[in-house]
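As written, the chains take the letters A, B, C and D, and residue 1 is the first residue of each chain.
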Amino acid sequence: MRTLTFANALNEALRQEMRRNPKVYIAGEDVGLYGGIYGVTAGLFAEFGEDRVKDTPISESAIIGMAVGSSAAGLIPVVEIMFVDFIGVCMDQLLNQAAKMKYMFGGKAKLPMVLRTTQGAGHGAAAQHSQCLESWFMHVPGLKVVVPSTPYDAKGLLTTAMRDGNPVVFLEHKYLYGTIEGEVPEEQYEIPFGKADIKRQGKDVTVVATMHMVHKALAAAELLAKDGVSVEVVDPRTLTPFDEDTIIESVKKTHRLVVVTEEVAHAGSSAEIAARVADKAFDYLDAGIKRVTAPFTPVPFSPVLEQEFIPSEAKIIEAIHEVLGKAVPA
Amino acid sequence: MRTLTFANALNEALRQEMRRNPKVYIAGEDVGLYGGIYGVTAGLFAEFGEDRVKDTPISESAIIGMAVGSSAAGLIPVVEIMFVDFIGVCMDQLLNQAAKMKYMFGGKAKLPMVLRTTQGAGHGAAAQHSQCLESWFMHVPGLKVVVPSTPYDAKGLLTTAMRDGNPVVFLEHKYLYGTIEGEVPEEQYEIPFGKADIKRQGKDVTVVATMHMVHKALAAAELLAKDGVSVEVVDPRTLTPFDEDTIIESVKKTHRLVVVTEEVAHAGSSAEIAARVADKAFDYLDAGIKRVTAPFTPVPFSPVLEQEFIPSEAKIIEAIHEVLGKAVPA
Amino acid sequence: MTEKIENEKLLAMYKSMVTIRLFETRVSELFAAGKLPGFIHLYIGEEAVATGVCAHLKGQDYITSTHRGHGHLIAKGGDLNMMMAELYGKRTGYCKGKGGSMHIADVDLGILGANGIVGGGPPIAAGAAFGIKYQGGDGVVACFFGDAASNQGTFHEGLNLASVWKLPVIFVCENNLYGISVSQARHQNISDVADRANAYDIPGVVVDGNDVMAVYEAAGEAIKRARAGKGPSLIECKTYRWRGHFEGDPTPYRPKSEVDAWMKKDPIPRFEVALKEMGVVTDEGIAAIKKEISEKVEAAVKFSEESAWPALQEILDDVYTGGSVAV
Amino acid sequence: MTEKIENEKLLAMYKSMVTIRLFETRVSELFAAGKLPGFIHLYIGEEAVATGVCAHLKGQDYITSTHRGHGHLIAKGGDLNMMMAELYGKRTGYCKGKGGSMHIADVDLGILGANGIVGGGPPIAAGAAFGIKYQGGDGVVACFFGDAASNQGTFHEGLNLASVWKLPVIFVCENNLYGISVSQARHQNISDVADRANAYDIPGVVVDGNDVMAVYEAAGEAIKRARAGKGPSLIECKTYRWRGHFEGDPTPYRPKSEVDAWMKKDPIPRFEVALKEMGVVTDEGIAAIKKEISEKVEAAVKFSEESAWPALQEILDDVYTGGSVAV
């Protein structure tokens, strides 16, 4: 099968669905003429014209409000917030309008819309352009939250997102756009929400990881395999809905859990994953649950500090050794 | 000692610190002439005048920006966002400006400021005026997050907040304002951040609860005491910094943990508390960790549904029975 | 110049105003009697605004409303029974009891919801207008908001987007001189919100918001422009809220004399005089209309009282299209 | 009328412009050579704006800057060594390497930071101005932002608050005709951002942003007003960015002819002509100034190259005043 970069897989998902469904349109800052800061919407302006690929003013609240209003009026907006870091200027339209309308209206609304945005560190973009905020979106009932790690997943999940019928927050890790390539079918396909993917089978320890960290976890697993440690890597792929079962099944087999996310730990998605297992699979656990995350700081600029910020293979390996090896310290 | 309501304890903290320190000022919507929607700032406009108690336009981003700018210029702002639910329109000024400035500037900034706001259900205020969002603030390094449950704690913690020297998010549960009264010293006092309070001693199970839920947990404990079950109720009082030690010590004694918060569970503060214990006190746990929280829905309006939404004594008792009684289901 | 309006339309407008007045008055009593939970913001005194604007709107047209939404909903054709039952929190309400006063909506009627977030509407209104334009319709969106809401960033963003894309929206400012306790002079440096139209190069007009004919006329101009693809307008209606900001508000922030003066400008008797002069209605006709509407309001109360509460398990429904999700 | 400006001041302004130009040009080379990580937005072509405004500011005055901040920082007196080292991510930088180009600040110099959030500045500027007023000082705040930033809700909120409270701020719009790839005509319905002043009943003026004297004069008026307690003003400076939005931007969205035309309006030679006419400087003087500044820039590069990286454990420092907290 031909391979695509992560960014191109997303681009293809958008292009194919826009060809299929005239209700789908794109809006955001510099998504049109420019093709998106990371090129995810490249070529769509040329193909679909400025009526369907809209460059907006720098008005993020208006961008999301536009999605909400036009969705209620029958369209399927795919809007881009350039960096997830900017969500603070427009969160209300997501939190109180998009996510809650259906419920507040007693079910009598349908709001199909996708909010695409990029998150994550690794490009020296510093504290206001590198955050991970998936846990904020998870904490909002009414939203679905998608966190793809591979080009294959990216295309299939984005296709599902555009057909889901609910407000979907689709988080793209900027580090993956150009660095990760993988096989992607030419035709359209959907990947169901709420189905975790076992990215590597193993039997000694379960590592649940998301987005960029899936790749770090796989690299750590590869290194540990040489020492005879068999690591199972589970990628939830969506955080809402959340596939608890696959993770619990894995822990029943391995009896050990390490959670790896790039966000800061405090009230992060990593906490939720650990808490569920500590509730539902406690009897199968042979060790405390370790989390490998960023330190509790804003993202620093300097490349040396930024590399220290991002969870490394070494830290993942250390955590795995801990849950495997010694007793959990009191 | 004389007793005060929760709202009046807060009012006294503000009044006394404003008398002591001319740098402290108040700003927000209807905090002046009107004295605040819940009366927390009542009488301060009359005492301190409109230069120090500022009614603002409905411009929440400007309110927080005002706090940031005036704090950098040497003041100690205590700003009010009328309901935490509105934070989505102004979160950026907190997330990317207030919280990160010090770090981004290499430490060369000091931003003493308090953001007071009310949260929680119980007044029939529906989905956009009843949420709990403490976990969002916890997830932002650079913020401190305070969640008082009693008038005594409220006064002491708010006094500390105004002297802390950092951006502090001070969350007040609206249900407590008028319903909870308690003894409060007349003079000023500080309660250190990062010190949990054991609100009731017990030996069979640890219940960690916050804000309104502390009272529900205490009521549940009282009921269970009649059946000979001894419940320890721990109130973290601040979520950042977080007093992990007190909770772990408690679990070492009781071997069982139930976490009770009013927020939805998914990526909530309850997850963080459970995850820490599942990591650091795993060897002392005799049962899986249960969380008692709101269901994963927006806050419904109808009083019957709202009461169903808010975690009840009955649900807390059920969870306690679960961790005490039967094996955790596979 | 004022176009000639058909008698039937004039009567419908009059009925709309009376319905709002009587509905709201009854709600105020029910709230005082402890029948209605939560926050209630009444539209009494401002009836001419919603009525004058919505009189132009058809089924395909949308409105976005506010926390003070009952008037907009009634004027756009909302069902009194379902509205009242919603205020009670009953399952026969518009939102099955899940929304309450601040969230009543009827998307099928083009009502995109009351809104508890001040300034929540303008971006959504621009979005709905984009939806109309994208699909090639000639619908319009009327976006209601208050004087104080015009200080919210979303007001600015919504108007800017609508103007640069020439979207069919009319932005209707209900300037009742206060945002809760803060008078206009204390929340903005201008006395005419309409002056803000300039910032987007769109028409901005001031009208007497207690004169339903004036509102009707101004809205008509703006809507014609919008339907013709010429973009949005801003209409500021000067009016006053008779009641507190919410029911239970002691209104310590405004003098009784101010309230009294505005109550003398009551839009309803004023319209009655005009209607009688035009020969559209007689005193007897007015009495009959009031009686009929009053009965409808009572019927709505009865309907609500007799309706069932939502069942507890319904709390989990309606979060997602396609059924609830595992989390 | 233009007040007579002292020669010394004129020379300082000229030096500021040249410093910005040479610093930025060198940064552009260093970025292309792979020496500088992250996003870099250069101020080349817009030097007259920051310079003309900051020439009025004293130690007690503040500025809020933007993602395109180097020019503002230099004009307000920022240290070249510490700026350059910060761009490198070295621990001798202004932010100990933690901030980078978009977050350079020097609170002691009144520089409240570059800002990666478009529209982040106006609310903070209003806040700093409130701080000044509260403490009874006569300081002012200059708030810089772009044409496209004037569509952000925070712009509106900041100006409204400053106007209703008569805060000492001057809002300086650097209209370089684009927000990244989106031309002004595509992002707003007006051609003069200054037209928005009306919405707050404050003065709004348009000046040639490539004419440092014109900027200086307009800023002087506005600052005088502000210091006198008469409230804020909006000054729009028409200018152009020569480089891409960020370094590495291929600028497919604008014609070369447009760039060329604007490069002909280079503010630096234009000011040189004026200075020579006024007899403030000679060609030799100019050459000497350029040489001296160029050496300073080189020294800053050397300083940065030779500086150490932050130590890894420093990552945890500086999150909180009073030391890091247990979480």
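Here is the rule we go by: contacts are C-beta pairs under 8 Å (C-beta built on N, C-alpha and C of every residue); 3 or more make two chains touch, one makes a residue touch a chain.
Just so we're clear, the structure is a prediction, and the values are computed from it rather than from any experiment.
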Considering A-C alongside B-C, which chain pair is linked by more C-beta pairs in contact?
A-C
Relative to subunit B, chain with the most remote C-alpha centre:
D
So how far apart, in whole Å, are subunit A and subunit D when each is placed at the average of its C-alpha atoms?
36
Counting only Cα atoms for the centres, state how far subunit A is from subunit C in Å.
40
Dist(centroid_CA(subunit C), centroid_CA(subunit D)) in Å evaluates to 45
Sequence positions of subunit A contacting 2 or more other chains:
56-57, 59, 61, 85-86, 89, 92-93, 96, 103-104, 126-128, 138, 141-142, 240, 242, 265-266, 296-298, 300
Listed in rising order, subunit D residues that touch 2 or more other chains are 95, 97-99, 103, 115-117, 151-154, 156-157, 160, 164, 186-188, 319, 327
Which positions of subunit D touch subunit A when the two form their complex?
37-39, 86, 89-91, 95, 97-100, 102-103, 115-119, 148-149, 151-154, 179-182, 186-188, 252-253, 309-310, 312, 314-316, 319, 324, 327
Which residues of subunit A touch subunit C in their complex?
25, 51, 54, 56-57, 59, 61-62, 64-75, 77, 89, 92-93, 96-97, 101-112, 138, 141-142, 144, 164-166, 193-194, 240-244
Quick check: in the complex, which residue numbers of subunit A touch subunit D?
29-30, 33-34, 37, 55-61, 85-86, 89, 123-129, 265-266, 295-298, 300-305, 308-309
Per the contact definition, I'd like the list of subunit A residues that touch subunit B in the complex.
61, 85-96, 99-100, 103-104, 126-128, 133, 135-136, 138-139, 141-142, 239-240, 242, 252, 263-272, 274-275, 277-285, 287-291, 296-298, 300, 327-330
Residue numbers on subunit C that touch subunit A, as the complex places them
62, 64, 93-99, 103, 105-108, 112-113, 115-117, 120, 122-132, 134-135, 141, 153-154, 156-158, 160-161, 164-165, 317-322, 325-327
